[in-house]
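This is the structure I have questions about; it appears just below.
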Amino acid sequence: MLIGHQTWVFDNKPVILATGTVGGPFEANGMIPNDFDLLHDNIWLKQASFEKAQQALMEEACQIAIKKSNIEKEQVQFFIGGDLINQITPTSFAANTLGTPYFGLFSACATSMESLALSAAIINAGGANHILSGVSSHNASAERQFRYPTEYGGQKPPTAQWTVTGAGCALVGKEGEGPVITSATIGKIVDMGMTDPFNMGGAMAPAAVETIEAHLKERNIDHTYYDLIITGDLAQIGREVSLDLLHKHGIDIPEEKYVDCGLTIYREDQAVLAGASGPACSAVVTYGHFLNRLKQGEFDRILVVATGALHSPLSIYQKDPIPCIAHAVSIESGRDRK
Amino acid sequence: MIFFWAFVIGGLICVIGQIMFDVFKLSPAHTLTTLVVAGAILDGLGLYEPLIDFAGAGATVPITSFGNSLVHGAMAEAEKHGIIGVITGMFEVTSSGISAAIIFGVIGALIFKAKG
Amino acid sequence: MNRKKAIITVSLFFLLFGCGTDSNTDQNKQDTPITGSNKLIDQQPSADAKEMINKHEEISAIKAVNNSETIVVAVKVNHSERFTLKSLRKKMEKELKDSFPKLDVEFSTDLKIFLELEKLEEEIQADHFTEDKLDKGLKEIIKLSKEQT
Amino acid sequence: MTDKKKKKLPPDALKYQAFQQQREVKRPLLKNCLKAFLVGGFICLIGQLISTFYIYYFNFTEQTAGNPTTATLIFLTMLLTGFGVYDRIGQFAGAGSAVPVTGFGNAVISAAIEHKTEGFILGVGGNIFKIAGPVIVYGVFSAFIVALIKTIILEWGGF
């Protein structure tokens, strides 16, 4: 299974049986509303707090994924997930509702692919038959945790990003119909001494580059192997920086083959500054938008590289640089499996 | 005329704040704190009062006037009781801004819900 | 975005110019004639005070009312001189105190005091005005001027 | 690959930062300053209008009209904050809406509304000065120092 230092190749080809994607009103106004399974028209979701609303999003995404597959909830062995909030409580509470054994993860916005990679690894090794892997984020709960109260009129610079309100969940199974997970590369922490929490794309870009380079090298393939390389939430600045960096390192990915979830989810006239971010960003765009297009046959092989900025408000106040990480998972359509 | 100068002087103080935001990359809390301290020092030098006389609300509405009014309260007591007055005066100082913000803050929390 | 900007600019100009014009109207410093003729109360000290203050170029309007013990004077200062308002106030207060040693002198540059004195001046013109009313009115104005934040 | 040592070497990090800086979207300083000037000036103008209103129609002098003006402005801020408008003004105006006393009010009120979910004592009460606290702390402290120095100079400086 392990090749090189940090890459897994899944010989037993775990399958994404079904996905569930849930979004809020801002996402409903975005570019890909049709790729969501459920959209809410209020960010409170009739809950008492934003954190509870986020928990509800996660629960709904899991329920939808199970409902769309032809397996029962009881057949799911594990739930692997995480989010941004202190001690990942929304995910843990959602896991309580689900009632399945649970792994809680934290890799900020990279949690989406971290959980998918782990799910695939466990299934590949025969550790489970079905695993739910999902992440959530909520714009208002992230705002108040990392920045200011939501109603505070602080001006954000053009490098800032907008946290997605939503949850994305993938039900990974040992066998069945659906796109298959072929490999995963687990990233290392990359710290370039960047300290501006309002420019996460710029901080995360080298992490994405490093993981992509390692993935291609260890699998011994060219970037042309993939039809699309999808980054998590680098947004405008991070995408440009990482693409230039890749070109500088001799990996000539053409511009149109290098897309970013943070630039896919919203329309340009939505005031999101540099683009979107949050664990749910890469999750809903990948599980919704890109898997739909993959199933429709638009492309066959994609590499999803979710990036995460692993800082906390405390570490920022203590003047620590932002440590960043990126995890890559390759997903291929079942078609070229034969 | 007072309306014109209130606009101009008030606007210029805000521009100073904006420069602190954008050029020195200070957070709002850092910026406002610096401005308050600057207001206190300016009043200590006797420069803030003429500005209020000249620009009215242009000088009293920006947060700099906070420092000014706090120094004023302390100095009023100091004039009566000397050096001890500074200490006792500090505790007597009230700022309408702070109390109004607290009162409307709690009322706001009672009636409003965050819109996100 | 551009339309928003335009609306803001236009409305600002309206506000600024709409408010800016009224300051030119009080060029005549003494819109109420200097009165020393009221039968009941002698307003000669006020008239003298007005005459005196009138010489200062910084002043754009003057109001003054007195009774037998007190004289209250309020002025409007040209806006460009307001930076040195404090020293101006001291200078004129001293001048007035020197000229009316027998009276308590209250001098103010405050708009509110000016407006109140204006009201009182008009009331004095009326026939049925009494000394009691004058004392009471002056007392209130002085109290107002002593209030501090 | 040199990647392994990359993060431990400041020159590489510095090189990357310079590389990143070229691609970073710059803050539009001139535009931001203009917006801050217009909105900040406008808020002060409203303050002057309110203050003049109190002088003309109530028993307030130029001196005493300051307090009710501040209170009125903060009341208006409460409405704008509660209806979710002030944060949008803030994004547009930057310091223009942060520096006036309305910005201070917004910092307090937004924190109060936000932390309502944690209860009124520890949530609202404990977090109400989350952003505005430093302003009060250093406003009071610096005023104390300034008044102290000034008094010492006045008393012993022979003025």
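Lettered A, B, C and D in written order, each chain numbered from 1.
We take it that a residue touches a chain if its C-beta (ideal position, glycine included) is under 8 Å from a C-beta of that chain, and two chains touch if they have at least 3 such contacts.
Going by UniProt, the chains are A = Stage V sporulation protein AD; B = Stage V sporulation protein AE; C = Sporulation protein; D = Stage V sporulation protein AC.
None of the values given here were measured: they were computed from a predicted structure.
A.B. asks: Hey, which chain is the most central one here, using CA centres?
C.D. replies: Per-chain C-alpha centroids ranked by distance to the global centroid put D first.
A.B. asks: Any idea whether B-D or C-D has more C-beta pairs in contact?
C.D. replies: Between the chain pairs B-D and C-D, B-D carries more contacts.
A.B. asks: Taking each chain's centre as the mean position of its Cα atoms, how many Å separate chain B from chain D?
C.D. replies: Chain B and chain D have C-alpha centres separated by 10 Å.
A.B. asks: Round to the nearest whole Å and give the separation of the Cα centres of chain C (Sporulation protein) and chain D.
C.D. replies: Each chain's C-alpha centroid was found; their separation is 37 Å.
A.B. asks: How many angstrom lie between the centres of chain A and chain C (Sporulation protein), each centre taken as the mean Cα position?
C.D. replies: The answer is 70 Å.
A.B. asks: Taking the mean of the CA coordinates per chain, how far is chain A from chain B in Å?
C.D. replies: Using C-alpha averages as centres, the distance is 45 Å.
A.B. asks: Would you please write down the residue numbers of chain D that are in contact with two or more other chains?
C.D. replies: Within chain D, the residues that touch at least two other chains are 27, 32, 38-39, 41-42, 45, 49, 52, 62, 66-67, 81-82, 84, 94-95, 98, 103, 107, 109, 111, 113-115, 131.
A.B. asks: Going by the contact rule already set, what residues in chain A reach two or more other chains?
C.D. replies: Correct list: 50, 148-151, 154-155, 157.
A.B. asks: Counting only residues that touch at least 2 other chains, which ones in chain B make the list?
C.D. replies: In chain B, the residues touching two or more other chains are 2-3, 7, 21-22, 28, 69, 113-116.
A.B. asks: In their complex, what parts of chain B are in touch with chain D?
C.D. replies: 2-3, 6-23, 28-33, 35-37, 39-41, 43-44, 55-58, 60-67, 69-71, 73-75, 78, 82-83, 85-87, 89-90, 93, 96-98, 100-102, 104-109, 111-116
A.B. asks: Give every residue of chain B touching chain A within the complex, in rising order.
C.D. replies: Of all residues in chain B, those touching chain A are 21-22, 25, 28, 113-116.
A.B. asks: Quick one: which bits of chain A touch chain D in the complex? Just the residue numbers, please.
C.D. replies: Contacts found on chain A: 48-51, 144, 148-159, 189-194, 199, 202, 205-206, 210, 213-214, 217, 236-237, 240-241, 244-245, 271, 274.
A.B. asks: Where on chain C (Sporulation protein) is chain D touching in the complex?
C.D. replies: Touch residues, chain C (Sporulation protein) against chain D: 8-9, 12, 15-16, 19, 110-113, 115, 144-145, 147-149.
A.B. asks: Which of the residues in chain B come into contact with chain C (Sporulation protein) in the complex?
C.D. replies: Result: residues 1-5, 7, 49-51, 53-54, 69, 76 of chain B touch chain C (Sporulation protein).
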